[in-house]
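Below is one structure, written out as structure tokens, with a few remarks after it.
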Amino acid sequence: MLNKNIFNYMACDSEYNEARIVLYGVPFDSTTSFRPGTRFAPNVIRNESYGLETYSPYQDKDLTECKIFDSGDIELPIGDTEKVLKAVEKRAEEIFSCNKIPFMIGGEHLVTLGAVRAAIKKYPDLYIVHFDAHTDLRDDYLGVKLSHAAVIKRCWELTGDGKIFQFGIRSGERYEFEWSKKHTFLNKFNFNNLSDVINQLKNKNVYFTLDLDVLDPSVFAGTGTPEPGGVSFCELMKAATEVCTKLNIIACDVNELSPVYDATGASTAAACKIIREMLLAL
Amino acid sequence: MLNKNIFNYMACDSEYNEARIVLYGVPFDSTTSFRPGTRFAPNVIRNESYGLETYSPYQDKDLTECKIFDSGDIELPIGDTEKVLKAVEKRAEEIFSCNKIPFMIGGEHLVTLGAVRAAIKKYPDLYIVHFDAHTDLRDDYLGVKLSHAAVIKRCWELTGDGKIFQFGIRSGERYEFEWSKKHTFLNKFNFNNLSDVINQLKNKNVYFTLDLDVLDPSVFAGTGTPEPGGVSFCELMKAATEVCTKLNIIACDVNELSPVYDATGASTAAACKIIREMLLAL
Amino acid sequence: MLNKNIFNYMACDSEYNEARIVLYGVPFDSTTSFRPGTRFAPNVIRNESYGLETYSPYQDKDLTECKIFDSGDIELPIGDTEKVLKAVEKRAEEIFSCNKIPFMIGGEHLVTLGAVRAAIKKYPDLYIVHFDAHTDLRDDYLGVKLSHAAVIKRCWELTGDGKIFQFGIRSGERYEFEWSKKHTFLNKFNFNNLSDVINQLKNKNVYFTLDLDVLDPSVFAGTGTPEPGGVSFCELMKAATEVCTKLNIIACDVNELSPVYDATGASTAAACKIIREMLLAL
Amino acid sequence: MLNKNIFNYMACDSEYNEARIVLYGVPFDSTTSFRPGTRFAPNVIRNESYGLETYSPYQDKDLTECKIFDSGDIELPIGDTEKVLKAVEKRAEEIFSCNKIPFMIGGEHLVTLGAVRAAIKKYPDLYIVHFDAHTDLRDDYLGVKLSHAAVIKRCWELTGDGKIFQFGIRSGERYEFEWSKKHTFLNKFNFNNLSDVINQLKNKNVYFTLDLDVLDPSVFAGTGTPEPGGVSFCELMKAATEVCTKLNIIACDVNELSPVYDATGASTAAACKIIREMLLAL
Amino acid sequence: MLNKNIFNYMACDSEYNEARIVLYGVPFDSTTSFRPGTRFAPNVIRNESYGLETYSPYQDKDLTECKIFDSGDIELPIGDTEKVLKAVEKRAEEIFSCNKIPFMIGGEHLVTLGAVRAAIKKYPDLYIVHFDAHTDLRDDYLGVKLSHAAVIKRCWELTGDGKIFQFGIRSGERYEFEWSKKHTFLNKFNFNNLSDVINQLKNKNVYFTLDLDVLDPSVFAGTGTPEPGGVSFCELMKAATEVCTKLNIIACDVNELSPVYDATGASTAAACKIIREMLLAL
Amino acid sequence: MLNKNIFNYMACDSEYNEARIVLYGVPFDSTTSFRPGTRFAPNVIRNESYGLETYSPYQDKDLTECKIFDSGDIELPIGDTEKVLKAVEKRAEEIFSCNKIPFMIGGEHLVTLGAVRAAIKKYPDLYIVHFDAHTDLRDDYLGVKLSHAAVIKRCWELTGDGKIFQFGIRSGERYEFEWSKKHTFLNKFNFNNLSDVINQLKNKNVYFTLDLDVLDPSVFAGTGTPEPGGVSFCELMKAATEVCTKLNIIACDVNELSPVYDATGASTAAACKIIREMLLAL
């Protein structure tokens, strides 16, 4: 008798009960201000992951030795942002309730808010590590508060001051940079202070959100608002691996791949490999 | 002294006061269910219109002899659908208030609802002629009522039974086709009954909404949900010209071009030419 | 508890035991002479099928009322053609052994040979209906007998004279056209004689193989060897529906979509819709 | 000992002395008003010709039985239009001087002027058959007389009234259509009057210039100014074959393919096949 | 009453009288030797500039605080190079005559010659700083003197020896490199000597011409002749900012973006950001 | 009398008898596991080479001063891997027999095996220098031994232990890395140990095989399995030049460019330039 067609990120084929990490995709991009298309990312990432090996010569580990379950994508009511965030929150809560790590693949960056809402219920003293090209600290975007350009501001409303650590930031309005001086730890352009922050956050419960546009467009052009002057792939891989290895990551996400703009496939390959290294490091 | 850089659909450069027709763009696509991107259409249409001539050998008329004003795009709060529709309604009302014809370039099909709301205030006995591949008669789409897949149903809630005439329809759920039998005049696949309908609607006030995906994907692949088996370019040009010449069109729109998926430029060229022929015919 | 991520052609989610039709993909393209890439077709077709509705207004039927199982893709030893054909044959035999209809999605056209080998074991008096732009009747291609340009010749070696009916053919070497006069029923350019052939094949066991490049490149450019001058989408849809409705189709395949060359997505949409109409007609 | 790498249109490998027809490419596009790129056409056409067969089932003829020599591309001083036309004229004269038929592959349409200059020296009573979407009858384009939008006007200055027969025209300024009424035979939109014209031109010396944008953009989007509403591939193939079979064609050209905009490859395939049919018909 | 549709580079919306800097586009590419398409750059740059912020965290300055006017594109007689250069010269002169800084967006590099002609009339002791991958020091290109491959040689004919400083050069014929030893200061591969040159040119009137292909193709593939081995985005941003801040730039240009070849959008994003940083630094 | 159309890599136009180096293309990609398309590389490389200069400012040498013959592509029986390897071996032997250096342009990496078979017959004590992202040391790939993922393992079966030196490797299965410890000298990620190896191999006969995917996808995305984290263009150019200058290279190849995936043209430009530098260095 033939089997149903299962479609996973490569090697993420544990049984749910045994899994330590649970992947889920959130194909949402309706508040994207410039070029939409991130809704296609989760499936494209699953598909292209098979171009990689399961083994990492960087960490000398293999995905086939990990316990990971891919629960597929959430079905989304496109056009109603609050309902979308509720659906994300619900999925994350389900996974938390089984003491597993929810690993979300976006979608646009706003989806992080749904997962952070679930995380902060379980871990009220939550810290956030945030890699991005953009501050994402707007009050609102053209009058809309639930916008991907405001997602970290929305998260801050939940965590309060001093809990959010931002790296690689190279774009935003002047007032966002000003505001950040009092409320978050914003590190411009690179990961220079990452080691210090890692020491500071030892033993804390940390949510890690990675907007892939922190990468330079030469590596990662497939995104809605490419911003030249970003970090290299190796710099990001090293930083993300460190965060996942040395901190107590209770949940994380990788977002803002827009396959429509990835004409060469290089951006998708970068996303797949970063996810592999994070899964191995967790 | 140098002038500011004005950017119009070709030859649409009358002064506002003298214009009979006023163009406006609505770069919105947040409820698009499959492949987004229509938000880029208005500017791409303006830009590519210069590949055409202003003269039509079909109608023996020239745009340079018409009085048309291009009022540019509406600035939109992306992510809040109701606010977007309000902004569309307001622009259409402004144009109606000067006794001009509002000619909207979408954006996704939902934007029609904003313009129809404005139209029905001025013309309570409004009729709608609708060209499309899809019925757009859903009750809701994944729980969302303001969706491009439900826009004609939302318009029907304003006009009531017997006022909406649909042509070229070749896709929808079974229940939509069933429902249409009692509430709209739905003509499948082509324009065969168009002449009859035109006779029937003589002297009525008519809103004309044209979803370009009524065209076959061989002509018009640059759209969110390409549906093979559509009408040819010449069939559409003839039908749209007839509607605009023989009926009392009080407002109209052309929507659902998605330039991101128009790899060859053929879809944009088709949109530009249909708009030229409609402007000349009005 | 969360479910695994199942990935089907839309609505093909019956249980295996209840299914009448079983889909399977064969992502193989190693003998393609001109532009490879058909190996990506099965997954792209599954993905893009969700841009269509399950209901067909042409046949007034709905996929949700059919019993179809999607068994996913065969894993292939790329680079060893004979092993690939063995794997196809095995999958088809499994499905035949449960008295279900195997419906293969290629892949390049050579994969048909594996399925025909299985079919002829069960139905020794097998007839083949073949839609294609090319004769596929070469003796060999650059010395290689297992080539997609020779697949129908290889099938003829199994069926013998008078069993193969070809339609839409508009490309081949002179000697192929000459040879066909004695051994197959080759109909050039269109489906003009299809009704006669259908009458002739009533009550026979028929394998139906559809090379999508029978379509004109305006509709279907996404293929290895686009050949201008083909049939329109509606002509093919009508012909394929007739074959599937009026003949006793014991197995079938749809092949030669090459998504890499489908820059606009129109070819994939055409493939998805033809498959829907065939599934509904079977 | 190994041979040099010869690069021809398929099967055009006669020795120069034996050839009846001589191909040459003119990779020039510097006066193109909208989207350049035709300079790449000759080499792309050579390359993609190998996706076709040498045999035509339409005419039952085979290129391998013809005597054709491909003399490669002319090296062009890009940026100096008059020098380019001189170089074209010189190549055509060389071929005429050996009593062979020069068959030019453009490049943009202006290159025709160079070949017509050579032709009219040898055949002072020259007639021109012109297939195109555009009139090409401007006096000048933005002050420039040597423009692809004015090429037929420039040719008329050489031939005088009543010698130029235009077909498929669907775009131009009003004054061009007016002017044509007295000076050329302009047939709008299609080939309806072609048979009459062929009868009229029997025994005349005819130059045949084919701007491929006479085709509809669904078939041929890969061009600088796609103009919807054109003829189908089969209509063009039939018309071009008739012209080449029934008239005394002393030289011809095929122009305006712009491979950069041929995202799907369908336009190039159409160009290759039209050239094959013309070569077989000549 | 509705307003006309103004289309600027973001935030460049001062009144002309108040502006210190005046942008203008020159959509010309007819002497481009390899892959044309730079004519589309000015409009694409305007459009994509809205993907950036107006604020620069590098310089801590904001475009909304600058006085810049965008005077749109020059209308060009395509195909007549000398007329094009005259039109550029005229625009630059108009801007110089109001004591403003002309900032040109190309187009191909030859357009620089028109602007330098205007500059040297006003500032006879003119110096030129030139960033480029190519020497641009040919005597002529295939016999044509007004070619983008010869533009700096043409400028040298106006300035004389010792006035032109070239950086990042990594391509040219041997004789160009030889010639430069006596006539210009040519720095191969990078910006290593830039600080020295800046000291040397303090208080001089300097024209700054930036051919974006000085960037590595990983950052900037969207150009006619991509030349691997170039500088990184951050290196260029730093160097260009220094030139604009520390020297007395009386006019400048940014050229050779070819959007047709910018499949990913990364090149356009790089161009937009460099222009922002230069505008802020001036 | 006109000449035949010769099509070479730029400036590789010596007579065969005088040439020291002989280029040949092998357009084969049938065992490619992920994204095929390398078969188009040789012709695209020839075509795009004309975007470069013949002179290298890095080495201060010019191709016009070298003696190189381009013998075109081998005609291949696609679908029969062993026959393909035989054809490669034969071409290499012919070139060796005239005491020239065979320089192969792939195609997929498996083609190296044919050339190494020929090389080892002439130079039994053969050493191999191998640049690649992947180990290529599989026993087989899905049961197929002649696979591009196993090509270096197949070469090792000919050379034995200690003869193969691998650089830049960053992907493979765990067992491949383990196996390499005893049988090859595998250097992960970069060229750090290259100088030592060069000293060690002085005076040996060395085959140099360069899989271009050793480059980072930001530079070289146009390949079947892009693997982020690779070397930069300048690092590769320096390393390849050193190998070709300081070692006794008796044959070499450059492979795995897949133009279909080189949407921007940057990958092809990189391949062309590396080949130029290698030809100059040899």
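We just call them A, B, C, D, E and F in the order they show up, numbering each chain from 1.
In this text, a residue touches a chain if its C-beta (ideal position, glycine included) is under 8 Å from a C-beta of that chain, and two chains touch if they have at least 3 such contacts.
This structure is a prediction, so every number in the text was calculated from the model and none was measured.
S.K.: Give the pair among A-B, A-F or D-E whose set of contact pairs overlaps with that of E-F by over half, matching residues by number.
M.R.: A-F
S.K.: What's the distance between the Cα centroids of chain A and chain E, rounded to whole Å?
M.R.: About 38 Å separates the centre of chain A from that of chain E.
S.K.: Where in chain C do residues touch at least two different other chains?
M.R.: Within chain C, residues 35, 216, 218, 263-264 contact more than one other chain.
S.K.: Mapping chain-to-chain touches, which pattern fits: line, ring, star, complete or other?
M.R.: The chain contacts form none of line, ring, star or complete graph.
S.K.: Spell out the residues on chain C that touch chain B in their complex, using ranges where they run on.
M.R.: So the residues of chain C in touch with chain B come to 50-55, 57-58, 60, 62, 216, 218-219, 233-234, 237, 263-266, 269-270, 273.
S.K.: Considering only the defined contacts, which chain C positions touch chain F in the complex?
M.R.: Touching chain F: residues 29-33, 35-37, 39, 75-81, 83, 141-144, 146-147, 260 of chain C.
S.K.: Under the stated contact criterion, what part of chain C meets chain D in this complex?
M.R.: The contact residues of chain C facing chain D are 34-35, 169-174, 177, 188-189, 216-218, 221-222, 225-229, 261-264, 267.
S.K.: Using the touch rule from the top, collect the residues of chain B that touch chain E in their complex.
M.R.: 1-8, 16-17, 22, 24, 43, 46-47, 69-73, 94-95
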